[in-house]
Amino acid sequence: LMTVLFCRWVFVWEKGYQETDSVVSSVTTKAKGVTVTNTSTLGFRVWDVADYVIPAQEENSLFIMTNMITTINQTQGLCPELPDKTTVCKSDANCAAGSSGVHSNGIATGRCVLFNGTVKTCEVAAWCPVEDDTHVPDPAFLKAAENFTLLVKNNIWYPKFNFSKRNILPNTTTAYLKSCIYDAVTDPFCPIFRLGKIVQDAGHSFQDMAVEGGIMGIQINWDCNLDRTAALCLPRYSFRRLDTRDVDHNVSPGYNFRFAKYYSDPTGTEHRTLIKAYGIRFDIIVFGKAGKFDIIPTMINIGSGLALLGVATVLCDVIVLYCMKKRFYYREKKYKYVEDYEQGLGGEMDQ
Amino acid sequence: LMTVLFCRWVFVWEKGYQETDSVVSSVTTKAKGVTVTNTSTLGFRVWDVADYVIPAQEENSLFIMTNMITTINQTQGLCPELPDKTTVCKSDANCAAGSSGVHSNGIATGRCVLFNGTVKTCEVAAWCPVEDDTHVPDPAFLKAAENFTLLVKNNIWYPKFNFSKRNILPNTTTAYLKSCIYDAVTDPFCPIFRLGKIVQDAGHSFQDMAVEGGIMGIQINWDCNLDRTAALCLPRYSFRRLDTRDVDHNVSPGYNFRFAKYYSDPTGTEHRTLIKAYGIRFDIIVFGKAGKFDIIPTMINIGSGLALLGVATVLCDVIVLYCMKKRFYYREKKYKYVEDYEQGLGGEMDQ
Amino acid sequence: LMTVLFCRWVFVWEKGYQETDSVVSSVTTKAKGVTVTNTSTLGFRVWDVADYVIPAQEENSLFIMTNMITTINQTQGLCPELPDKTTVCKSDANCAAGSSGVHSNGIATGRCVLFNGTVKTCEVAAWCPVEDDTHVPDPAFLKAAENFTLLVKNNIWYPKFNFSKRNILPNTTTAYLKSCIYDAVTDPFCPIFRLGKIVQDAGHSFQDMAVEGGIMGIQINWDCNLDRTAALCLPRYSFRRLDTRDVDHNVSPGYNFRFAKYYSDPTGTEHRTLIKAYGIRFDIIVFGKAGKFDIIPTMINIGSGLALLGVATVLCDVIVLYCMKKRFYYREKKYKYVEDYEQGLGGEMDQ
């Protein structure tokens, strides 16, 4: 019984007769979608791929900007800091010249100046005016990103078996690719994902996530049994939020970064538009193991299994012989059996 | 015989006596090369590294733009869509206001306007004029990229053995590095690659690939036997096209992405140059395993091997005793042998 | 004795009873810090995150510019090359029209023109004036980057055990995160690093490294024993310079790349500021293995161990019986023992 169980374990569940290899992968991504916004600062504005994908390309991930704080027309100069508990001042004595806190936008000049009609803050040398990121737009500025789509092209390779495959399967037609959207049930092999659906499948709300940003993992599992036909080696997609946070432990939530577009005046003065971009970074995580029959692990596992089997037999004997209640009865029977078969099958039994 | 064969398998071919570790790697790349183009839209123009490498740096890959569709001086506005089967219209009734297809450049306003003298298409709010990417330049715009060179610096580390090495070998001189070009036969350890040669070594044509773009894998294999001297642990380069496609299954070929350069008018109006960049992304894929003698796997393999050997002996006996034609002859001989040596070497035989 | 030793090896040191899995990881980084420079070319200038982090975001790494060579106001045109041994000329005969060397900034026009009052060099079609990178600023331009900080957020996942964890530990408070700085001894779990300390912990000098740039690896080791409580699965940080070079073998040191900011004249002429950026790229390298009790490897290792043990016994016997001086004494004793216990425990002994 134990033998059978062990063999099933090793060979059926764990595939102990196979040699394995880890996947080597290459990923490209392409987003599609257009939306419009209409705000007082920026006016009516169309957003397309070149505007909201930053940077334009990355190796295994893609960032879609969903929200932003724009500070237009910054130039190098002197201006008051944003008021917070370290920058509000009453006189120059409160501002140490040359100092720069962790959250400062610039280097303090040592003067205390009016921030607005009522509040005075330390003056800094910085890109002026300084960014005010206290209020994150909610709902998200580009909330329509929920309906954008993402095409993921993935090519994998198992070097040990020289086996390669794409996630665009051989039987996929151009017509299907132009119209399909991934769905775990109806279209499990369509490589085009609706952003909202990715987030939803991971159990989160796109509109919530869009406000402060986040990281979504698009996991592609290429576990393959290469003893079977290559057509059965298929990608399996799953989605997971990678920046999950506890509700009661809200330390540095979301995902954002700052970048600037630099412009030059006719007079040669440099100015810039600073953008604090909140958004969702989609990391494409490809993993998997391929197994193929190989004589070495098979033999090693058979060897171990048999050695174990020998021990198991002995252990059973010991248990039966010394621990059971009706020990004498069993002891006799055992010895009898040994005597009977001693020479003919000696080797096999001891194993 | 079987013993010898098994031992050779495990210990000589599979290096069963070694503990293994996977490589940890760091890659930097640098492209070199200049070319000129002369077209009606852009005039005479020189292209250097800062122009064609986008983005300027990536972790394990490098994108070289080889072809492009430039749409200069786009501004936010209203303009007719490119004609295709969903956008051509006869009257406003054909254009649903606010709609946006997957391949749209903007949001439909609901009006049907003249695209040129003969065709009317739906008007969109978009960056205008919209990009026309129906004709990809052929031959590629920057076809001279074939002669650009790529320096790959790779530093690897095997954490378990605390072994690290660079692909610029200790005996490489500065003079050699300034002039060498990788060649599998003559210069297998030169880390400078001619782009054309990479593609050619992978069995493809650079000029074909340059038109629609693609992904090339530069594979660096660091399989090392650390029981031998570190000088024998050498990188082996190979090249593979990662976006291979069947000729009869031409779904979304090549590699391209869009990005924009933003400018600002003296009046403050933002305009941009949209570039659809086709090119070759070179992914540097570092893989490998290092092995070093270790007592644990050695013992485990010896143990398994011996257990297997015991079984093999028994199996041979069983086959010989019960299946062979001259069974009686063998049976006698076997038993005789057992009787003779029974006590002195009993343990060894049963194994 | 040998048995005990082997068992300790396999089960205590090597954790042979565990199934293992490799880590899947997601990383985000955020730099903070502001500094000012005052030079004749650029004047007084403030540098913030949007200025010195290039590109604005990457997947597993972050580049901090520490030094730069800026060539402002380049336009497409004709100008003399930088003088070096291939470009200095006496007459047009020395300059081959259309040629372009590996280190050229442009395509030679075939004319030999004055570079300055005394030297003549070949004229090239290029972005003019060409960059002069012969003198790298020393000390580094943004030497204050030593005090910038880097927040690393890392989320790991062991797919086989469905175990995930962040490097911001559950008991970390917001107040601690706002003020802490990583220190191997006092703050080993603070995810905020001072750039200077990273380089120093790796045994290098930040100010030296800042001049020509380099690559620093921030290694996060997540080796975990998941049989114990999840709270004991903790990240361990270490730092290593990845572009280490021998002092006597100074081939292509440091790390730098070129990028350009493009501007447009009121007349529509494109000009650019070319920046050769030297700096430190921080690669976040996450590795580790998790182990958890599993019946299969336990059994395989027990099997192998026992088989080996049997062999060990036999080998000991052989050594004792045939190689020792007092062989007859031992031989007798051994046989006596075997005879005594032959039937009762035969199987166990032979094992």
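Should a chain be cited, it is by its letter among A, B and C, assigned in written order, with residues numbered from 1 in that chain.
Criterion: a residue touches a chain if its C-beta (ideal position, glycine included) is under 8 Å from a C-beta of that chain, and two chains touch if they have at least 3 such contacts.
According to UniProt, the chain labels map to these proteins: A, B, C = P2X purinoceptor.
This structure is a prediction, so every number in the text was calculated from the model and none was measured.
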Self-contact between copies subunit A and subunit B, residue sets same or different by half: different
Copy-to-copy rotation for subunit A and subunit C - C-alpha atoms, rounded to a multiple of 5°: 120
Geometric centre distance via CA averages, subunit B-subunit A, whole Å: 20
Touching two or more other chains - residues of subunit C: 22, 55, 58-59, 263, 266, 300-301, 303-304, 306-307, 310, 350
Parts of subunit B lying in touch with subunit C, wherever the complex brings them together: 22, 24, 26, 28, 30, 32-36, 44-46, 48-51, 53, 55-59, 149, 151, 153, 155, 157, 159, 164, 166, 168, 170, 172-174, 177-178, 261, 263, 266, 295-296, 299-304, 306-307, 310, 343-344, 346-348, 350-351
Parts of subunit C lying in touch with subunit B, wherever the complex brings them together: 6, 9-10, 14, 16, 22, 54-55, 58-61, 63, 76, 100, 102-107, 125-127, 215, 217, 240, 242-244, 246, 249-252, 255, 257-260, 262-264, 266, 272, 274, 277, 281, 283, 285, 287, 300-301, 303-308, 310-311, 313-314, 317-318, 335, 338-339, 349-350
